């Protein structure tokens, strides 16, 4: 700070006029000592000289057609050697200005870097949202042009099956599909309960020595026939759907890359395999041994995966996608949470085992770790709990540690979700606004056909190609100034 | 960015003076290249020409009586093709300025849209609060004018019953009513406990085969007579109240639309129907079969709805309304929470059932889903818990998943409530401030009767009709400049 | 907005020069149409005329020595009829400016009222903190002047007992006192456990019919003698302390108003009463009936209140006071939380009772409400849990409702605590800074004795009396300009 | 405020020109009354006089080459006697400006101190992060220069063992080491479970009277031999590692100060001591009495500390360090949480003991405090729960109190973690940006070799020595202006 003063003192006296440089930045006047500008050579301001195009000999000022606010901050860099920004300015805009004035970003002071960090984070969020919801932006019906006959029908079937917002029929189908998935999952859950099963006439006697009541139930009873055939009907519909979809999807490659499609395909195969075994084989399916028995059991268990079909819901409820995006963005925090959680649980588990060595509970360390986990998440089943005074003290700290350890990453995850969710709502609000704009504002746009040049992609004015921008500048004056 | 430079280079040399446009925006000077302004045709700035009214030939400037801060941002749009705003400016004010300069909102860059989004959200919150608390703003006593005799009394009774803040008597009545509701609900709760029941002399023998001890108790005992008659007294008061209210309410249509009124009415009917049955019929009410028995039981159970009468409290405690508003505003997040919660619980329920197939617990999938729910909410009753190592690992992730899945929407709901609550406090603070203003500031307002023109509705200076505003501008100068 | 334009059009043409008013606000120039200023009569700007003192005939400007930033916002009010503020400005400063320009606060637009609301909240927080920690600001030793002999010693004993930060001895005494309280509470807790009791030789036979094992223990055993006499020793110290304190406290009136002092006094009386009974009476203390027995039991139970002595800790740990302040500031939210919590719990309790009427659990409604409470707080003891499918569904929603209902007010309470805590840290940082300032900056202050006029209370430069300010302005120029 | 007006009135009339002082602050003009400036003598502005270097006689202005925005705020201090700042300005930058204008920080108004407080907090966070991650900044390979033979190899081995990011081999070693630690901890956990133990042939008969099944197991079974020797192998590797490390570490003093190193050393000693006892002694290790038995048991239990080796993970996962930093920064809040938690738990424990004195549960006060802890953390094992109505009411408030008491400090701890985490991400983003900058921007830097003067430490432009800065100012003009 002192050198600025001293410079002003020494330089100011001898030749006051030449040492002051004047700027006219978009109409706002700035003045500084010429010495000040030499501090950071290589930047645009340091290389100014009176022969430059920007120098106006009449007024003795350098004129730049830029924003004066950012320039004020940048000029302070020369004065005080540290570059601070008010934190209400947009980081993307500041980056542009820094670029223009040729200030390297590394000169921004540590405390004011937040502006750029936040802007970068928001850009990242918008990029992720755009990528995830890109299917909403494209109108697939545009591709129908130039298709005919069979091809057109295949395209339409694909739209019906895969794009719920392409037509009213597609919306109905999508709702019906979700209803079927719900039925199918409910049937899987219900068939595990005795209420929805009937006794088999021919219980194989070899099976009687099974003691597990759950597995006994599967051997001794069948699913109620009406439910069984309802399940088969669901599988039929899913099969028809996946076959039609496979037939009609325009891009077969992407079909195989989609996780949900592959799961869907496998599920249909598994269901038919199990059905075929049930139809063709009899008692050996339940004879409790052999390859057939284990294959059949595994197939039946694999059917539990049908619950994954629900993830198609995310096509309709964008918030589910937002949850997934927020989880991905919080990946580091999730890893950190799980790591620090298990580390703390292991420590407390080992400690409680040692401390409660004389009690009847906490028989081994894995069980003690399970107790620590149940305590740290504050679930507290009550299957294990400390009985000695020392053990209870450790239990207390275990619960508090769990609250603290879990609260820290969860706060960040929740904040990330909040960010994604509000940015998504912003995006939707903007989309609605843009769709309405032409209608509301048609008045001033009516006689301005040239405006389509930049409203063709109104979401992103920055995406104008450099060529288009140059054209805009060079050609428009001729259109207008005549 | 580079084209601005190059434009300055090429254009600057040949004819430097004419290419620069000068603005005087409310006293602040701005300068830019005329080429720059042509970038966005159709906007107000692009259509400027020296014959315009705003052009001042003496100074060579365009004069606009607008705010220079927003203009600075808008001028940057022409310079850099992207429109950024500092995030401390009020979105409503920026929207006005954009309108004035005829910039479509779609040109605002994605990263700076937040300003408008937040303003829109706050406007929404204020609208909701205004609608909900509109009954506080209107003074119902104003309507008494022109009423006489019977009509006036009916109006006063309605005020007494429905507007707790209309008079001291109404406040007392409202407190007494809440006390009665509390008594009535307490009686319903108490009568289910043996302490508050006495044995019946004439227990019908046919009932002895009921095994459920709770239902047996209802058959074998009666409510203590003093409590029974207290309950009847409460019902009498409620009946008188609802009849008086129905008689005196000015707008019968709104009576039937109000949920609480309808509930109130049904409750009174149910209570009298049950009372009538008790008075007229004897043992057959408790004979365990037949329409009479089931009707009586259902009526008795329906009386539980009397707890809904508590929602009248929300008329007195505005924070309860704020909770409801925050829940409504978070409707999407609530749906999302319930959906993702049940989806995750079903997945974990199915998985734990499969994993713990050999244990004695987790008998069917619905029960396993119940376990997953109890674990994810960290309630942890301890009625079910995994016993195998794999099951415990899944239980751990189930609990952590629950914490994460629930924390995300709950953070948003809590933030919404926070917003509504602080906006509501702001509103109340403003109301108090406005009521006090005339008292405190009477000095400078005393000799300015004309000020009532805009303080008649001091809450909302924007609500001045356009006509009034025009009148203000056109007539006042004559009043004053003489 | 359009009228501003049209005004500029019509007014601008006929007589452009006179219609524009120029301002010089602290060096910054503003211009507006004279018509604009007439919109809000009664304000300072509306009453300007060329004969005013502020009018400078040479430049044709009105000069005000005020801040130009706030003036810019206020001028916008005249232009657009709505008063918006950027939200980074300090509300207290804006209020001053509004006062100066005579703009009533009711004209501030609803969306920008937040600035004032936040400033008011922060002022409130600072006021509360100042009041609570006022005892830290005053140095009680200053009062020693003019005291002698007995009086001085009494004063010093009072400081020792009541002001932990008055001297090193007082700090040691305070720590020792806390240690004694800890011992005393620990003894109370320990004496309830059989480990710390010894069998009595003379167990009265009449007592043998007591079945409650806890009360039996008190009859059949005595506290270990070493612990008993340690407890008596603690009571002796507390008695001496309270007597000395009562003797030496300068303001007897405040002694009786302090809650902790009264509790302290009562506790000492109770302890001595119980001790006297133990010393003078024998078996009749434990004969299980009669006034003596019940009196003695009640006295013993009242001793539990000794835990309240811990609240003296708050004198030493300011964070405990901050918790209390945050709770007081969140009083409305706490009431709301408890109210909505019990309301929801009652509803769920009644519903689960009705739904689980056929199960063996949930015997009456009070117990069902207890279940709802245990579920909503996610404590989940497991003493009651639903068994039917419908009951479990209701249990699920009960748990989620609990999370939502509790999360909303708790978020506000936590935010309040955060606010208070960080404002308190700010205050402490400032105090430290101020104490250090004179030391560090002695250089520039050394030859400026007049500066004490405003640094006598460096915390609060606003507290300068108006008289002092006027003196400052009128006298200093003479001191200096000579 | 009024005196400013009145001053303008009186002073303005008599001699309007001399009383106004004009400033040119970096090109922006400010004007104020000369009286105003005299308010705070001792500051730079108060001591201005027309003979000062800064006074420009041609324009009649004082010229300062400083930022005009901060000057505007500071001038307001003279006008209104209170110093407010907009809260978007960086505190570090404001501090510099206050220093320049010689305004003591104590004049900043209480409500606007937040700016400085936040800046100080951020500085603190950056300092802590820099200190913690300093080992990442230094490249240890630079020290290899001038070392040869043995010394070079020792240095390389040290790098391999201690600096995971120094080479690919070191990274592999570090991963392998973590894997070994995982194996070693797993073995300790596993050996407590009967599955991983085999019966001993020679169970000493004297031991049969041990009733505790866990200790019996240790006497009657041995660890499976393959696991036992795997454990020994791990210990061998750890021993070799610690010996090599001890041999090669350049700074032996720091070795003994590191907590993890000492633990590591002790663990190896303990493991070998236990191993030696097992090898040399037989039955007396498990004879249940004597020094040998207890020593051996203690050594075995001490091995649990091997879990602490996991803390070496924090070298690799910086987020773990961030957690530790956040905990340290929240130390006050953690203490507060534990203190208020135990205080509240003790109160509720004593109260529930008194209230439930007639029930069979809550046998003594320590157990009642344990119940209160389990309830307040919402763990709710179900080992104790109230049975009476009053007890349940107290349990309800206990749970709610726990939620409130815990939520307050946890919110601050989570916010602190959030701060540290995002500042750390900022730091990493900046580091990446700086590393990339020279590559991306080589174009404009290529012909500017002098720029290395300030990019040698691009992270910290403020660290330029005063000497270098003066040189920059005094020498560069000569280089350039020629």
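All chains are identified by letter, namely A, B, C and D, in their written order; residue positions are counted from 1 within each chain.
Keep this in mind: a contact is a pair of C-beta atoms (placed from the backbone, for glycine too) under 8 Å apart; a residue touches a chain by one contact, two chains touch by 3 or more.
Everything numeric in this text was worked out from a predicted model, so none of it was measured.
Engineer: Matching residue numbers in more than half of the contact pairs is the bar here; say which of B-D, A-B or A-C clears it relative to A-D.
Structural biologist: Repeated interface of A-D: A-B.
Engineer: Let me spell it out: compute each chain's centre from its C-alpha atoms, then which one is farthest from chain C's centre?
Structural biologist: So the chain farthest away from chain C turns out to be A.
Engineer: Can you compute the centre-to-centre distance for chain C and chain D, using the mean CA position of each chain? Integer Å is fine.
Structural biologist: 29
Engineer: Rounded to the nearest whole Å, what is the centre-to-centre distance of chain B and chain D, using the mean of the C-alpha atoms as each centre?
Structural biologist: The mean C-alpha positions of chain B and chain D differ by 41 Å.
Engineer: Residues touching two or more other chains, restricted to chain D: which are they?
Structural biologist: 28, 86, 88, 366, 378-382, 410, 415
Engineer: Name, in rising order, each residue of chain D that touches chain C in their complex.
Structural biologist: 1, 3-5, 7-9, 12-13, 16, 20, 22-23, 28-36, 38-42, 46, 72, 75-76, 79-88, 102, 104-107, 109-114, 117, 120, 332-333, 336, 339-340, 343, 346-347, 349-351, 353-354, 357-358, 360, 363-366, 369, 375, 378-382, 385, 389, 392, 395-396, 399-400, 403-405, 407-412, 415
Engineer: Could you list, by residue number, the parts of chain C that touch chain D in their complex?
Structural biologist: My answer: residues 24, 26-28, 53-54, 56, 63-69, 86, 88-93, 96, 99-100, 119, 122-123, 126, 185, 188-190, 192-194, 212-215, 301, 304, 307, 310, 313, 317, 319-320, 323, 326-327, 334, 337-338, 341, 366, 370, 373-374, 377-383, 406, 410, 413-415, 417-418, 421-422, 425-427, 429-430, 433-434, 437, 441, 444-445, 448, 450-451, 454-455, 458-462, 464, 466, 469-470, 472-473, 476-477, 480.
Engineer: Across the complex, what residues on chain B touch chain D?
Structural biologist: Those residues of chain B that touch chain D are 86, 88, 378-382.
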